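Next come the structures, one after another.
Across the two complexes that follow, subunit A remains constant while its partner is subunit B and subsequently subunit C.
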Partner chain A sequence: MGVKNNLFMIFRYVKLNLKKQAQYKTSFAMQIVMMILNNAFFLLQWIIVFNITKSIGGYGFKEIVVLFGICAGSYGVAHLFFNGAYKIGDLIYEGKLDVYLTQPKNVLLNVCSSSTSVSAIGDIIYCFIAFIIAGATWWWYLAVIPVLIIGALIYVGVVVCFQTLAFYIKRGNAIADMISSAITQFGAYPPVIFDTVSKVLLYTIIPCGFMYFIPMEYIFLGFNIWWIVGMVAFAIFVDALAFILFKIGLKKYSSGNLISGRL
Partner chain B sequence: MKIIEVKNLQKTFISKKKYKGKEKWKHLFKKKEKIIKKAVDDISFSVEEGESLAFIGPNGAGKSTTIKMLTGILYPTSGEIKVLGYNPSKERIKLSKEIGCVFGQKEQLWVHLSAMDNFLFVGSIYDIPKKELLERIEELSSVFEIKDFINQPVKSLSLGQRMKCEMVASLLHKPKLLFFDEPTIGLDPIAKETLRNLVKKMNKELGITILFTSHDVGDIEEVCKRVIIINNGKIMLDDSMKNLKYHYLNKKIVEVNLKKNIKIKEKEGIKVLKAKDTMYKIEVDMNITSMDELMGLFKADDLQDISISTTPLEDIIKTIYRGANDEMV
Partner chain C sequence: MMKWFNKYLSVFKTSFKQEKDTTLNIVFRAVSFLIMIYIFFQLWNYIYGQNGTSQIIKGYSLEQMIWYLIITELLYYTCRYGLIVKEISDEIKNGNIAYKLNKPYNYYLYQITSFMAKSCFSLIFLLPIAVIMEFGFVGIVPSFTWAQIFPCLLSVLLSTFLSWTIYSIIGLISFWIQDSTPFTWIFSKFVMLLGLFFPVEFFPNWLQPFIKYSPIYSIMSGPASLVANFSWKLFAQVAISQTVWAFVFILVGIGIYNLGKRRVTANGG
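Take a look at the complex of A and B:
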C-alpha cells in the first residue's frame, strides 16, 4: 500500500507539473526540441573525431552514440521524476521544507518528486533516437528501460547525498552541482580513456561506471545477472545512504519565515 | 482530553559571530565565537480538545518556532511534546494525518493550477480514496462558498479567495487540530471577517481544536477563547480571553471637554494623558478610583462633553509584550 501510494504520488506530481507547464504550449515544445538538438550537437563533435580516427580504444561511433544515449536517458528520467532532488540545497538554505514536513509522506521522496523538468522529456526521446541511429535490436530497447531507471536512481541518490551538505554548510549545494555536472560530463566519454585513479572515482563518488559504462556493456554483450546485481546493489546503497544522510540532516533544519508560494 | 501537552520545551539556535572591518581578517582562520539564542525558553502548557487558543507575541517572540516544533517541522533542543498522543519529531507522518496547517505567509497551493487540481493533489498526498475525496470537496466547497472559482487557476484568485482555498485544502483529510499561522495577513476587513467566521465555525460546528497566531488583535478577540502570550521565548500570560478582559480592561479612558480651563490633580489611579485648552484625556484605574471620585474632579456645570472608553485590547497586549504586565494588574 505504501509503495503503491508513493508511486501514485510521484506520477501525480509529474502529471501536475507537466499540466502546469503545458499551459504555455510553445515554450513547452521548444524546451523538448531544444534539448534534443543540444544533445545532437554533441554527436556532431564525435562525427568530426571519428573522421580523424576510426576508434578510440575499441570504441567506435556506434558505441559512443549508445553511451551518450544512456547518459542522456538516465539524466532525463532523473529530472523528469525527481527534479526536486537538485533543488534540495536551496530549499534547506532558504528554510522552505516546511510544506513537505507537514504532509504525511516521506519528506525526501516528497521533495524529490515535487518538481519536473520538461526538457528531460527531450533527453529521454533523444536516448531512443540515439538507439535508432546506432541500429538497436529489440534487446537493446528492452534492456535500456531498467538501465535508465537504475541509472536515474543512482544519479538522484548521489546528488541528494551531496545536497544534504546544505544542512551543515551555507550553499553546500554548490558541491552537489559540481558532482552532478561531473557525472554527465565524464559519462559521455568512453571509459577506456580514464586511468586507474579516475576509474576509482568513476565507480564511487562520480558513479558513471554503474550508471553508464556497465549498462553499455550489458546492452552490447547481452544479459548478465552479475551486472544487474551490481547496478541494483549500488543503487540501493546510494539511495539508502541518501535517505539516512537527509534524515540526520533534518535535525539541523532551521525553517525560514520568508513569504513563499508554490509556482 | 488533552490534545497538546508541552513540558519544559526549549529550542536554541546556534550561529557564529560575525566580525566587521579589521576584526574580520583577524578572525579569518580562528574559530569563530558561537552565539546561542534561546528562541523558546522552557515553556509548558496544554490544550484541551475543542479549545480555540490564540498563541501570540511580537516578532521574534518564539511563537512560530513553537508551532513548528508542535507540527514536527523543527526538532526541539529539549523538553517533551505530545500532540494528539504523538511525539512530533518521531511520529511526524502519523501526526500530519491528523493535523492541518494554514500558513498565511507560505502558500501550499500551486498557483498555476486550479483549486480543484490542487485539492485532488492534496487528496493523493493524504491517500484519500477518490470517491471520498470528491464528496469532501463538494461538502467543503459549499461551506466555504468557493464553487464559483474552484476551477480557476489559483494565481487569478483574490487573496481572500486564495485563503479560503488554503483552508479547504487543509480540511480535506478531516484534521482534529488546525494550526493557523497569521492566516489573515494582507486581507481586507471583509475578507478577514469572513475568514474569522469560518474558523469559528470549524471550531464550534466541526469540533476542531484551533491554535491561532496573529498580530491582528481583532482576530484573536473574535476567534479565540484562550490566549497565551509569549515573549523572548517565555510564556508571559496564559489565561482565558474573558479573564484577560476582566483583569486588564479595568482602565478607562475618559475624554472631557470643559467650559473653562481647570487644573486636574493627578493621584493614584488618575493620570492625565493629554491636556489641551479645555480638553482633557484622563486614564482612570477603576480598581483604585471610583466613578464618584472621577466626577469630583470637575463640576458637572462645567462639562460640555464627555466620553468614556475602555483601553483597547491592542494596547493591553502591547503593554504585556513590553513586559509591564505586573504594573497593569
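Take a look at the complex of A and C:
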C-alpha cells in the first residue's frame, strides 16, 4: 500500500510539474528539442574519432551510440522523476526543508520528486533515437527500460548520499554536484580506456560501472546474470544508504524560519 | 575616453573582489577540470597507444594533442557561460533589468566586464593546475620557448573576452523569447565539437576554411594550437582574428541590447 501511495505521489508530482511548465509552450518544446540536438552533437565527436581509429577496445560507433543513449536516458529518468534530489543541499543550506517536514509523506521521497526537469524528456527520447541509429534489435528497446530505471535509482541514490553532507558542512552540495557531473563525464566513454585506479572509482563513488558499463557489457553486448544481479543489488544498497544518511542528517537540520508555500 | 575606461575598470575590480567568496566553488570546479583532463588523457593515450605512441595523427603528436586539449578545457572551464546567459535571461524575465537601465553604464558591456573578472579569478586557480597537469602527463612540448608565454596568455585572455561577448548576446535573446538557455546548449556544443575536442586539422579539408574563419576558431582552436605548436605567424593570425571578431560581436551586442531594451515593460512595485 505504501509503495502504491508513493508511486502515485511521484507520478502526480511529474504530471503537475509538467503541466505548470507547459504554460510556456515555446520554452517547453524548445527545451526538449534542444536537449535532443544537444545530445546528438556527441555523435559527431565520435564520427571524427572513428575516422582516426576503427574501434576503441571493441567499441565501434554503434556501441558508443548505445552507451551514450543509456547514459542520457538514465540522466533523463533521474531528472524527470527525482530532480529535487539535486537541490537537497540548497534546501538544507537555506533552511527550506520545513515545508516537506510537515507533510504526511516520506520526507526524502517528497523532496526528491517535488521537482521535474523538462529537458529530461529530451534525454529519454534521445536514448530511444540512439537505439534506432544503432540498429538495435526489438528486445533492446524493452531491456533498456529497467536499465534506465535502475541506472537512475543508482544516480539519485549516490547524489542524495553526497547532498546530505550539507547537513554537516557549508556548501556540502558542491561535492554532490561534482560527483554528479563526474558520473555523466565518465559514463560517456568506453570502459576499456580507463586504468585500474579509475575503474575502482567507477564501481564505488562514481558508479558509472554499475549504471552504464554493466548493462552495456552484460546485457546488450554479452550476457552475465551475476553482473546484472550485482547492478540491482548495488541500486538497493545505495538507495537504502541514501535513506539512512538522510534520516541521520535530518537530526542536524535547523530551520531557516522562512515562511513559504509551494504552488 | 579615460573616464569611460575607469568606469568599467571599477566594475572589473568589484566583480573580481566578489569572486573571492566563491573560492570553494572554483576549487570544486578545478576538480571537475582535473577529471575531464584525466578522461581525455586516458582516451587519447589509448588511441595513440593502439596506433603506436610515436605516431603523429593529423600532424599532432600525443604530447601536442594533450597540450591542445588541456588549453581548450582550460578555456571552457574559465568561461562559466551558462551563468551569464542565466543571469541576463533571469533579469530580463523577472524585470530586474529595469533597475539597471538607468545606471550610467551600458548593460551589455557591464555584463561582459563583470564576467571577464570572474574568468580572470578562475584562471588564477585553473592555469597553474593546467600547467602542472601538462608537465605531469606528457612533459614539455618540443617546440616550447619562454618567449611564447606572454603571447599565449594574451590569446587565452582574448579568447575568454570573445566568449563573453557572444554568450551575452545569447542572453539578450531573452528580450524576444522567454528562455534563451537552449541556444547556449547548441552554441556551446558547436564550440566543443569544432574546437574543444579536436584541432582544426582533424576535420575534412572542405570544412577547415569555414572553421578557421569562424569565431569558434578564435575561441578554442586558435589559442590552443598556439600553445601546442607555437609560431609568431600563427600568433598574429589568431590575435587578429580574435580582435576582429570581438569588435564585430561588441557592435552586434550593443545593437541588440538597444533594440531589446525598448521591449522592457516596467510594472512598478
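In this text, the second predicted complex is superposed on the first by the 253 of 263 C-alpha atoms of A that agree within 3 Å, B and C clash if a C-alpha of one lies under 4 Å from a C-alpha of the other, contacts with A are read in each partner's own complex, and residues count from 1 in each chain.
Convention: a contact is a pair of C-beta atoms (placed from the backbone, for glycine too) under 8 Å apart; a residue touches a chain by one contact, two chains touch by 3 or more.
These numbers come from a predicted model, not from an experiment.
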Of the two partner chains, subunit B (first) and subunit C (second), which one does A:19 touch, if any: first, second, both, or neither? first
Between subunit B and subunit C, whom does A:31 touch in the aligned arrangement: first, second, both, or neither? second
Let me test your reading of the model: by the given contact rule, A:53 touches which partner, first (subunit B), second (subunit C), both or neither? second
Now for A:222: first (subunit B), second (subunit C), both, or neither, which partner does it touch? neither
Using the touch definition from the top, say if A:251 reaches subunit B (first), subunit C (second), both or neither. first
Of the partners subunit B and subunit C, which touch A:181 in the superposed model: first, second, both, neither? second
Quick one: is A:98 in contact with subunit B, with subunit C, with both, or with neither? Answer first, second, both or neither. first
Residues of subunit A touching subunit B in their complex? 5, 8-9, 12-13, 16, 19-20, 23, 97-99, 101-106, 110, 250-251, 253-255, 257-263
Touching subunit C in the complex: which residues of subunit A? 24, 26-27, 30-31, 33-35, 37-38, 41, 44-45, 48-49, 51-53, 56-57, 171, 174-175, 177-178, 181-182, 185-186, 189, 192-195, 198
Subunit C residues touching subunit A in their complex are 24-25, 28, 31-32, 35-36, 38-39, 42-43, 45-47, 50-51, 57-58, 177-179, 181-183, 185-186, 189-190, 192-193, 197-198, 202-203
How about subunit B: which of its residues touch subunit A in the complex? 13, 64, 68, 71-75, 92-94, 96-97, 99, 101, 103, 105-113, 117, 121, 124-127
